[in-house]
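Paired with chain B in one complex and with chain C in the other, chain A is shared by the two complexes that follow.
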Partner chain A sequence: MKPWRANIWRWLAAAVLLAIVSLSLAANWLAPAGYAKQYREAADAPPSHQHWLGTDEIGRDRFARVLYGTRISLLLAPAAALISTLMAALIGGLAGYLGGAWQRAAMAVTDLFLSLPWLFLLITVRAVMPLNVSPLFSVTVTFLLLGLLGWTSAARVLCASASSLRNSDFVRQARASGIRGVRLFWIHVLPNLKPVLFAQFWISVPAFILAEANLGILGLGVAEPMPSWGSLLKELEGLMSVGEEPWKFVPLVLLVMVVTSFQLLLSKQDEVAA
Partner chain B sequence: MARNAIARKTRPAILLSIFSLVLCLGHAAAQGELHFCLRAEPKTFDPLKVEDDASISIRYLTGGVLVRMNRQTQALEPELASSWKVSKDGRQITFKLRGGVQFSDGTPFSADDVAYTVQQLMDPALHSPTGDAFRSGPGNVETRIISPTQISITFPAPVAGLDRQFDQVAILSAHSSKKEMAVLGPFMIDDYKPGSTVLLKRNPNYWKTDAQGRKLPYLDSIRLDIQPNRDVEMLRFRRGEIDLINSLDGESFDKLAANSPQLVHDAGPSLDTEQMWFNEVARAPLPGYKKNWFRSAAFRRAIAEAINRDDLSRVVFHGHAQAAIGPVSPANKFWFNAKLKPQAYAPDAALKTLQAEGFRMENGTLKDKDGNAVVFSIITNAGNKSRERMATMIQEDLQKIGIHLNVVTLDFPSLIERMTQTFDYEAIMLGLTNVGLDPTDQMNVWVSSSDNHQWNPSEKAPETAWEAEIDRLMHAMASSADVKKRKEAFDRVQEIAVEQQPFIYLVNRNALSAISASVHGASPVILAPQTYWNIEQLSK
Partner chain C sequence: MSALGGRIARHALALLATVLLGGLLAAALVRLAPGFDTDEQELDPLLNSASIQSLRQARAEQSNIFRYYFSSLQRAAHGDLGTSISLGQPVSTLLRQRAPLTLRLVGLGLLLSWAFAMGFALCAAWLRISAFDALTTLISGTFLCLPAAVLALFAVLWRIPEALAIALIVFPRVYRYAHNLLDKAYGQAYIVTARAKGLSELRILFCHTIPVAAPQLLAVAGISVSIAVGAAIPVEAICGLAGVGQLAWQAALARDLPLLTNITMLVTAVTLLANSGADVIGHMLRGQEA
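The block that comes next holds the complex of A and B.
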């Protein structure tokens, strides 16, 4: 019988996620004026009946921007995290499982990637990208880059985990039973790497959202006027105190809620119950 | 006995009076330490090599000059020179110097020091940025010492605004062993901790006195903390750790004003401009039809008409900016062409102008006569919030006439590379900081052969008739000693700039500052150094 408390937390997490996703999908209906419309007479206004979360510095409705930004970040940040986690699993997990020269070679490549000056690479990427691209193209390229470049640290962790699994008793037993190669990796090693994979995935999601905001300095990231959680979180930079304009913290609260909910929903049931 | 009793009674009063007098004298002589931040490390303390803002600040506080432009009235006033005369041809200036003046180390000041300074200033091996303003033509500068208090300096060619240029020339001692550390200004360098602090202390030999005959400056010392982070500077001001902030952005100004309106000062529009321009470089890697748009004055004028500058000033700068009129801010009282009127926000007129050029609207999108949708990008430097916001607002303004603008923010080096090397851009938005009032400072922007002629740098010959006309007028302005003729020439340059819109001027930012209530005598102005231009008169 399943512990009831575990189910409650999972249901709650599912409800929160469903509510956030539904709100973001209903953005066209809830905020028909859109995320780009500038109410210049009411710039930087506090919450009101017309603007539930106030307006930003140039008068755009913050509620609309949060809804549309949620849609973008919820879709693209987990997608980038998935890419990086899968790459880490493939490179790190397989290297650890195979051991020997494979492991040394994979870790050498990983170390090389870790030591490369990515800032300059990203500047080069920006330099070769055309200036006249749509905001959607810009944001997709950004998250794709984050996904393709963000696997290295996770690969090292997964390599170590897979390496320890390789010499564990149950793997030896499976091997003695005649299970080998990809089948052994798929059935016995990979399922045991799942907790590490999930952890890496969930660490990557907020990290990528913030990285996207910071990549704006290189001309990558979400281009104006399109919103994202990253660009909305940048509003917090100039705040002098938490109590000054608390409604600006909504994107941060949403980010925490989404990441926590996903963790509760997808973690092992007994872990949640504990 | 009675006398003793009186004496006993009056003694405490006399002692108290003497104590008070000592205190008063002490107060007159020592009035505290002014504390504020430099936003970067000063690169040099040699006043002739100064180029960066931090070093300029140190030079202003320590250097003694022959003439000084009053930052409030914008008039030239005598300092170490009690009078001066510029020859009719603008090549020669004769100074009559004050007598009895000493450097901070006690070395006497004379015409020898002025001659030595001018020789150093014009020495090609020194590469003095201050000296560049005096290099009007080939040949040597001649100095003739008429007497210890009189000197004549002759330049090979006329120097525009010759007397005003000496506002930037801090006089060095020809004889002191302390070299540039011997100064004639109100303060001298006492201590320097790289990356941390520059401590200035009062120059005991400073020559000026106030109306009551008290020696100036009033302050004992100035502590300059090197602090590049503006948020930290703001926080320290709020905590009372520093006494002033020389320039604030509109947002910080309003936040401070909300709690302490008496501490913030808006001196009105400054000389600084924010502007955008199109790439008009013939070899730029752009499609031909876009080059045609950008090189069309009508297209540029239409864009200028479609931008709501009042909204930019009100929303982005919180009202602490004015819609720009042209290349010169109205704050530059003499050189601003008062005939020019602000560009009205007129999207309908902009559309008509474009339609007259063959553009047409199709389903809300503007297309040129060949059917190309009018889409272009504008680059600005990432991290500059006000420019990013202006670009986003212009994006919406242009959308109203069917133009799609892509806003791109780039790191500054990448932007400069595109602007000056690869010319791989369509439009750029940046600001121009004008320090001097004289238009000769803008020669490098307006002359078509200049590297800083941003919309089309280093032209071998002027590519358009109006650029040729600007070249002619700028050279006439710079080589004439007749102020009236110079003004007429530069007025016409401003008119051409507004007609042709090579730069689309957006706003002139206001000079915003914050000064602690403990500082007395401050009167912020628009010209640098805004808050401490009258440093000798400040006290705490």
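The block that comes next holds the complex of A and C.
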């Protein structure tokens, strides 16, 4: 297959992602009234010229909420992925580099976290945090939690990579020339872990977007009135049939488009991560 | 045999240690959560000072997490798993009542998901038609992009059996691995030789491809149990099924320390047992091959 044809799906995915990110970043201009403004005279209204996706049950413009919710989910999921990747690099990378008891201890902790289903762990930890908090705090807590709990599988991969680097010739040579400790790890080991780190980062982003959506639907995500894909999807609970109010599926369509785009873009990164 | 025995013993020890640590982790999380020391029951105007005092005393017993955990383990050894704070029932009764439903749901979901995944993967490996490959990848990719809770919502909306919702959550993960493993096994040189010798495609598939991929497929089976147990939480919570998944969700929301600790230990034990079982069987299979 010609290279351009092999990459056409990837280019398409990148274009879709770029378009959605641009739209969400332009939320201030496209929906200047904001996500919390109520139009009480038009509560639960169908789509119209004023409200392109109608309004929710307390009269807030759904189009504005989708734009701002997209912005929150798309900006904070990478931030959470960054935290989890850094933690994985620190815990997994260092454990693999140090080896011995350190590696065994770090992997035991990783195994403990991995033995619990991801969603169960998230729900348990999120539920023990305060639920009745300010929207900004709830956003921070939700995505911070994703970052702090999502490092385990990445740490395992990084530990294995760092462990193989520990016994490589160039590290032995560096050690023989007197470079040791943090310097050796920072200058010689960590730069060689970069491809795995990047792959793990990009793999975490769609996983965290989906996790936030799950938490939001279960009522443990971002607090009202702040929107996120999770809280917007909670609206689907009230539907009696799919054809009834199809515009309520817009957040789901956007979510699927974004996650699919990430999957397409990551098809090569998966190979690096494995 | 001794290597296998050692492997089983190692797994059993790791399982015990991880389950105990998991329980301690859950207990510590709930204990350290903000607002743990407060109890809404104390606001009840009908309670006298003695009742409030006894409530506080019961709470104080849980204040030292290690003491609480050690005493609860001692009681658990005698079959007493404690009493749920939020539901006021013995935890063992709650788990006994709800476990069969979750077991049935997860078991059926796993069966269906494996049937779909292996069916599609075998067809893709056998037929080797790129259009079929693209179609199955598209189907599994679509389900992979849907949050588990959304699939549970669709199950309610379209009155789909809940086990099917779990199957659709697990299926794409299993399919991806199964497809890759079978594809890799099919690409081996000895398969080309077998084909050149005139063996039928069915014989190649069932006698020379699946046995080679079996140990890795078993490892995926272990992981799929963990995914299915995790999927049971949103499915049971959203579909209103009184199983262990819903109980876990309710316990988390109510910060029910005894219930949450026991469920965490149960879930940890189930997922580790599945993974260890898969590893031991995989080891046996590899031993047979050697």
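Throughout what follows, the second predicted complex is superposed on the first by the 150 of 274 C-alpha atoms of A that agree within 3 Å, B and C clash if a C-alpha of one lies under 4 Å from a C-alpha of the other, contacts with A are read in each partner's own complex, and residues count from 1 in each chain.
The rule is simple: a residue touches a chain if its C-beta (ideal position, glycine included) is under 8 Å from a C-beta of that chain, and two chains touch if they have at least 3 such contacts.
All of these numbers come straight from a predicted model, not from anything done at the bench.
Once the two structures are overlaid, the count of chain A residues touched is higher for C than for its counterpart among chain B and chain C. Touch criterion not met for A:Ala160: it reaches neither chain B nor chain C.
By the touch criterion stated above, A:Val256 is placed in contact with chain C alone, chain B being left untouched. Using the contact criterion defined above for the overlaid structures, shared-chain residue A:Leu112 touches chain C, although it does not reach chain B.
In the superposition on chain A, no contact is made by A:Val21 with either chain B or chain C.
By the touch criterion defined above, A:Val125 lies against chain C but remains apart from chain B after alignment on the C-alpha atoms of chain A.
In the superposition on chain A, A:Ala43 makes contact with chain B only, not with chain C.
In the three-chain superposition model, chain A touches both chain B and chain C at residues 123, 126-127, 131, 217-218, 240.
Note for the complex: chain B touches chain A at residues 231, 235, 251, 255, 311, 314-316, 375-377, 379, 382-383, 385, 388-389, 391-393, 395-396, 406-411, 414, 424-426. Only residues 36, 38, 40, 43, 57-59, 123, 126-127, 131-135, 216-219, 223-225, 238, 240 of chain A touch chain B when the two sit together in their complex. Across the complex, chain A meets chain C through its residues 108, 111-112, 115-120, 123-131, 206, 210, 213-214, 217-218, 220, 233, 236-237, 239-242, 252, 255-256, 259-260, 263. Residue ranges on chain C touching chain A, taken from their complex, read 14, 17-18, 21-22, 25-26, 29-30, 32-35, 141-142, 144-150, 153, 157-158, 226-227, 229-231, 233-234, 237-238, 248-249, 252-253, 255, 260, 264, 267-268, 271-272, 275.
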